[in-house]
Amino acid sequence: MSTVPFFGELSPVAYRGPESRDPLSYRWYDKDRVVLGKRMEDHLRLAACYWHSFCWPGADPFGGETFLRPWMKAGLDPMAAARMKADAAFEMFRLLDIPFFCFHDLDAAPEGATLAESVNNLKAITEVFAAKMENAKVRLLWGTANLFSHRRYMAGAATNPDPEVFLYACAQVRAVLEATHALGGANYVMWGGREGYETLLNTDMKREMDQMGRFVSMVVEHKHKIGFKGPILIEPKPREPTKHQYDFDVATVYGFLERYDLLADVKVNIEQNHAILAGHSFQHEVALALALGIFGSLDMNRGDPLLGWDTDQFANDVGELTVVFHDILNGGGLTTGGLNFDAKIRRQSLDPADLLHGHIGGIDTCARALLQAAVMLEDAALTGPLAERYAAWDGEEGRAIMAGERDLARLADRAVADNLNPQPRSGRQEYLENLVNRYV
Amino acid sequence: MSTVPFFGELSPVAYRGPESRDPLSYRWYDKDRVVLGKRMEDHLRLAACYWHSFCWPGADPFGGETFLRPWMKAGLDPMAAARMKADAAFEMFRLLDIPFFCFHDLDAAPEGATLAESVNNLKAITEVFAAKMENAKVRLLWGTANLFSHRRYMAGAATNPDPEVFLYACAQVRAVLEATHALGGANYVMWGGREGYETLLNTDMKREMDQMGRFVSMVVEHKHKIGFKGPILIEPKPREPTKHQYDFDVATVYGFLERYDLLADVKVNIEQNHAILAGHSFQHEVALALALGIFGSLDMNRGDPLLGWDTDQFANDVGELTVVFHDILNGGGLTTGGLNFDAKIRRQSLDPADLLHGHIGGIDTCARALLQAAVMLEDAALTGPLAERYAAWDGEEGRAIMAGERDLARLADRAVADNLNPQPRSGRQEYLENLVNRYV
Amino acid sequence: MSTVPFFGELSPVAYRGPESRDPLSYRWYDKDRVVLGKRMEDHLRLAACYWHSFCWPGADPFGGETFLRPWMKAGLDPMAAARMKADAAFEMFRLLDIPFFCFHDLDAAPEGATLAESVNNLKAITEVFAAKMENAKVRLLWGTANLFSHRRYMAGAATNPDPEVFLYACAQVRAVLEATHALGGANYVMWGGREGYETLLNTDMKREMDQMGRFVSMVVEHKHKIGFKGPILIEPKPREPTKHQYDFDVATVYGFLERYDLLADVKVNIEQNHAILAGHSFQHEVALALALGIFGSLDMNRGDPLLGWDTDQFANDVGELTVVFHDILNGGGLTTGGLNFDAKIRRQSLDPADLLHGHIGGIDTCARALLQAAVMLEDAALTGPLAERYAAWDGEEGRAIMAGERDLARLADRAVADNLNPQPRSGRQEYLENLVNRYV
Amino acid sequence: MSTVPFFGELSPVAYRGPESRDPLSYRWYDKDRVVLGKRMEDHLRLAACYWHSFCWPGADPFGGETFLRPWMKAGLDPMAAARMKADAAFEMFRLLDIPFFCFHDLDAAPEGATLAESVNNLKAITEVFAAKMENAKVRLLWGTANLFSHRRYMAGAATNPDPEVFLYACAQVRAVLEATHALGGANYVMWGGREGYETLLNTDMKREMDQMGRFVSMVVEHKHKIGFKGPILIEPKPREPTKHQYDFDVATVYGFLERYDLLADVKVNIEQNHAILAGHSFQHEVALALALGIFGSLDMNRGDPLLGWDTDQFANDVGELTVVFHDILNGGGLTTGGLNFDAKIRRQSLDPADLLHGHIGGIDTCARALLQAAVMLEDAALTGPLAERYAAWDGEEGRAIMAGERDLARLADRAVADNLNPQPRSGRQEYLENLVNRYV
């Protein structure tokens, strides 16, 4: 039974198997079940996010709050409200038995009257977190700084035309990076929601990209200085809130990391909803990050492909995630990364139990997908045909070409001399799609 | 009067001024008019493309040919047809008084029964081109190889799982690159219409990107070997014909060039329609390429932002192009690049005169936009406020930060110590939009 | 000089001609200029909207207020704040010399502790409006009820599963309809921002559409009962805030009006941004409404075709509006309708002057487009070729077919007997596009 | 074993159960299994389409044929080729044991030198069909006329500016409607691929919609005249090949049917890919058609939500179809309608077996979804909560409102008098989504 009044009579959510008809149980998430030699919990490294469930009031661009959470009541002392919120949050982590959480500085602690006070507020609340974590199982997957909500950041944080805003952002990031380190966080995330533009008419992209390059470089340096071992993760998103964000997608972030020589320290945190807003499938973004060596972690949610904004719904498509997890398992799995549910219940989902339903759905979807992906991988259902398809490149000439031992003229001459007329082979897409459906 | 029967009674298109009501005259394109110290013709470097006007029969995915061009009649000898087509094409170049053209190998010359025969066909027709060019003004902006229409390329050219297809592509590119060189071409373009995938289920992206990296590197090496001075240009397009193309957009190509160490030799050829298919404005792609130092040339057309495919219509939005040309002029102008009308008349535009109307509209739109952009630049209408907006970064501390002389802790400490509370300034977007409209 | 401190030193905006370089003047809007026999002001019937300029704090889904308007300060008495806001609003109307405005009940007056108090608040503020209107030029284009912001409406107003919400909405609409009538409003608008669904899993579309049909019917009956002469206008929007709204687009609203027998009393208020969100051009929606006989009024703004949400920017594309106004003039012009700037300055446009810049840009764009459309219409530039294109349908057989005097078999027999082989004619799209550009 | 050389060694596809690892077996489609009192085959009424599998050569806008089907070889006598094609098609129907097929006139028989010859060609091939059908199980779900591929239709068939084209279309439709009747077809379909526009500049929408209204009315009259009992089905599609098609979506077609008084005879054939191109989910279009009473049949396929064109892939998302079939079963099931696989294998799927893989995947997806939908419906998993959600409307006041026995003032007065303050209830979206996933 819950110990925090907000959750009323709700009990911890337990695994009860696929046949369970209890909507507040797990049907697939069986944390101790061993999959490919590892516990499911250790594979998935599931995390709940603080902001959507505890800070968002249910408002949207056309309507005000719907949730009326007790800690959002007008007139409360902000630090007292922050502690009430923390109680509810950690209670939800307990009820869900989720091993990780994530937060922004401003989710946790209110902005103070001065920058110094803001920093102190954060320190105070992270001490509350630390105390709670001692008595709980939950650990920190990552922390991050909110450099997008306050009006000072309306024209960017690192990319602001005013260097003082850049400095302000330095202070915020330093505080959260150190808090993350103190709390034993596994990663540190940067999402540049305002690092972009509304109009090119007032924007110098070259300057702004250079500023952002400098900023991330300084964060990397500081991470090493304080001994934080986790990677810095950039979370790509193409647009929203701005018209264009510099961290558009995985490929764009890769170019940025190359340009500013950051590949050794920075990886990506990929979100499904951001992927589709950029015109890519989730699998594409994950597979590309793996191919480029910058895969870090996932923001696990789903967008609506028919809507043009970030709906951040809980994942519920097992088929989509099965192939994603297949690629991740095949690429070595999540290491420091995890699956952060950057997802929110709909604004009409008013009941505390709805918070549990949302997470349960997401968690079970991940668990089921993991199980299927593992079998698919063990069967070499996809990897087998794939290796076979490219096998000719593993021949002598193929290897010589890729090793740079051939030039254009020589290959062209050979093509003409041998009167090459290569015949295409079926791509077998429908066969492969059916094959995947056999596992789903 | 036209000397080629296809164009019937049509006469050369001449500049007649903005008040002209002759639909077959230029109202803005006054080639000898000097703008910012250079002739308009030398600024714009306009090019007609061979494929859309002379090779496309008017078909679409739901309907067959509509144009019934004489050189497409069934039963003609392919080389004779190619010569008829060349006659019509060069006649159009003459009627339009356009200084450049562009072509694919397969636009110009038919595929032969063998690769050797294909190469010979191309050689024969480029000799026809060379002869025509001696007596004409038109020069070659760029050549390119069609590595996407034939079924052998259905699963990619450089990225094909079969190395023999890679070799075949080498032979084609070598032939066109050398033909381009022989014809005095200013650039060589690569568009990877099949370098992508239909499904990730049968695709090894890492292998394929490496193959593409190798391929482009070989082309660059060969260019140097034969003494071709123009740049290699990659033309980004996010998708279509495939589900995903590796040259998705300017940012993605930049990352590719960094990864395979090609920045010194390869630039981008940016197309408006491809820009919007990738979710970017045309101005964005141009400004980004300029900022990254990889701006090469433009495929000048327009897409329909409400349609999800490449409509390749003739540009007709002066406002859109004015800001694009402003940025290009401000960035040093087109050097080897030009404005290639990669645009086609609608399939219902059956008359030979429609070919002229399409080009006239596009050319006048460019000319008018150039004139406006030049005045805007001379007035420093946008550059003035822009410099002012970022001026604080040119101060001592700003320069020190950007020079890497500050670290995170120091800046954070200063922000707290100084109790910074930077106040945002208006971005003045509406003011700037109105300002631009004053020039349009 | 402004009499309201908020606008500081700003002076009324006057017409100064196309060469004016004063950013706070009109370059095209010359209200008394006669166009096609009518004053420009009477053609355009421009309106400012209350909500975006005076109620929106500059917040977006990822950030809080930026504008810090005096009347939004925490701790103010809500009715006093409402009066301050009205002062600023009417001062802007005066500075812009705009002849109309529009408002929602909740824009004008705060929600009270009870429904009765809310109704009284609205009454009190509309008396303030009435008093101001006596001494001002501005009139009311339309009023409307906000049935979407409060949490009671989260699952719809008319379409709510709870009939009490339906009743609540009746009370609100009755109050605003009567206030609109009292203030001499020319129309009454209904926008169903919550009349749709988030998920079909909990939605009975048939019930909900029937509820909405009943609701609109009751509003129409009440309008007649109180003697309100203006039309009821439905404003289509496909989605946002919900996943799907029942008033998706003009065609959908037309079907709804047919189904519930409302064609005699209800027309549409078409917004550019909503048009493109629905996948249509603005011109399409206007032309369709004209063709179907349900054209009412316009919400004049612009969306960004590359963004998937309602950006509600000020119109600035003269070319787009020229063809729209051409069709409207050709269809008889705006009668009770007008051009309501349902547009907001960007959240970075912090200065009071930015409110003027936004409106000036929109107004001048409309004025310029009107002038061009009028000339195009006088020249029969488009209407001439159009009539000619369909002329064959005005022949005897064409008229007989359309009059229902032919049946399929007879026409089919004739086609075979006459061995018909109709030859297509050029659609001349590029020619027509160039023609329009001659006027732009 | 196949009797037609094209399919080589392939054997009929049989049901082998969910554990089958034979890719050429059915895992879920067990035609005689009784579901909700009806055989699965009778529920699903599956149909193969002629065009994609047998007429499309594998070409796309950037590439030529890939399939090289024997009956497409250059130089064949067209009628002989048509018979070869019919052999292959009916052999595929047999191998798949599919109970229905669909065709366009031009799929079946080649266009002749004259209209009369075309009509005769169709007659000859439908006699071939009739003969084959005598010895086979397969029946005709629907026939349709191709009024979009030939250049005469480039500007529309019914909506063409040339009445002779309208007549030509009459002849074609009469022939196919009568052929459909003769072959015992269950429905007749109209898809208006060219009934739309490329540009409004040359389009009179009112005229064109009236022409289309007249055309469909004539088809309906003829259907009655010849005693054809099946419904006429219009297939909505928003765009492609044109910029805008008049049959945009279900709601638009509904308005059209109302306007031209066609509701009694015409229903809709809904395609998944067209639904998403119009910005709707498949379930939305189906549920809306059911609510409006115009649900007819389905074109079963899937589009790629990230691509802007009609990919017409085979359905493979069981979750999506489960809710669609739930709604259909709940609405009375398919009556004359069926599930036509308007789907094509990818152009890289070269092998005859790929045709089977595509259909098997689609068929099994439908079968599995049907099974799940039936259980969900038996459990009242969704219908129960839905009825409960709207229950208040079934009360006395709710019924009185919907019966038109209340007016606005009375309800408004009651709301104020009772001081209504309705409290929202959770929409339970996540709970319901998880519930559905329990069945999937």
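We just call them A, B, C and D in the order they show up, numbering each chain from 1.
Assume a residue touches a chain if its C-beta (ideal position, glycine included) is under 8 Å from a C-beta of that chain, and two chains touch if they have at least 3 such contacts.
All figures in this text were calculated on a predicted structure; none of them were measured in a lab.
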item	value
Contact-richer chain pair [C-D vs A-D]	C-D
Which listed pair, A-B, B-D or B-C, duplicates the contacts of A-C in over half of its pairs	B-D
CA centroid of chain A to CA centroid of chain D, Å	39
Where chain C and chain D are represented by their mean Cα positions, the distance between them in whole Å	36
Junction residues of chain D, two or more chains touched	66, 151, 154-155, 198-199, 239, 279-281, 306, 346, 348, 424-425, 427-429, 433
Footprint of chain C on chain B - complex, ascending	21, 23, 27, 66, 276, 279-281, 305-306, 314, 316-319, 345-346, 348-351, 353-354, 357-358, 360-361, 364-365, 424-431, 433-435, 437-438, 440
Residues of chain C defined as touching chain A within the complex	58, 60-66, 68, 148-151, 153-155, 193-194, 198-199, 239-241, 243, 277, 304, 306-310, 346-348
In the complex with chain C, residue positions of chain D that touch it	114-116, 119, 151-152, 154-155, 160-168, 170-171, 173-175, 198-207, 209-211, 214, 217-219, 221-222, 225, 238-239, 244, 248, 251-252, 254-255, 258-259, 278-281, 283-284, 287-288, 290-292, 323, 327, 382, 385-386, 389-390, 392-393, 395, 397-398, 401-402, 404, 406-409, 411-416, 419-425, 427-429, 432-433, 436
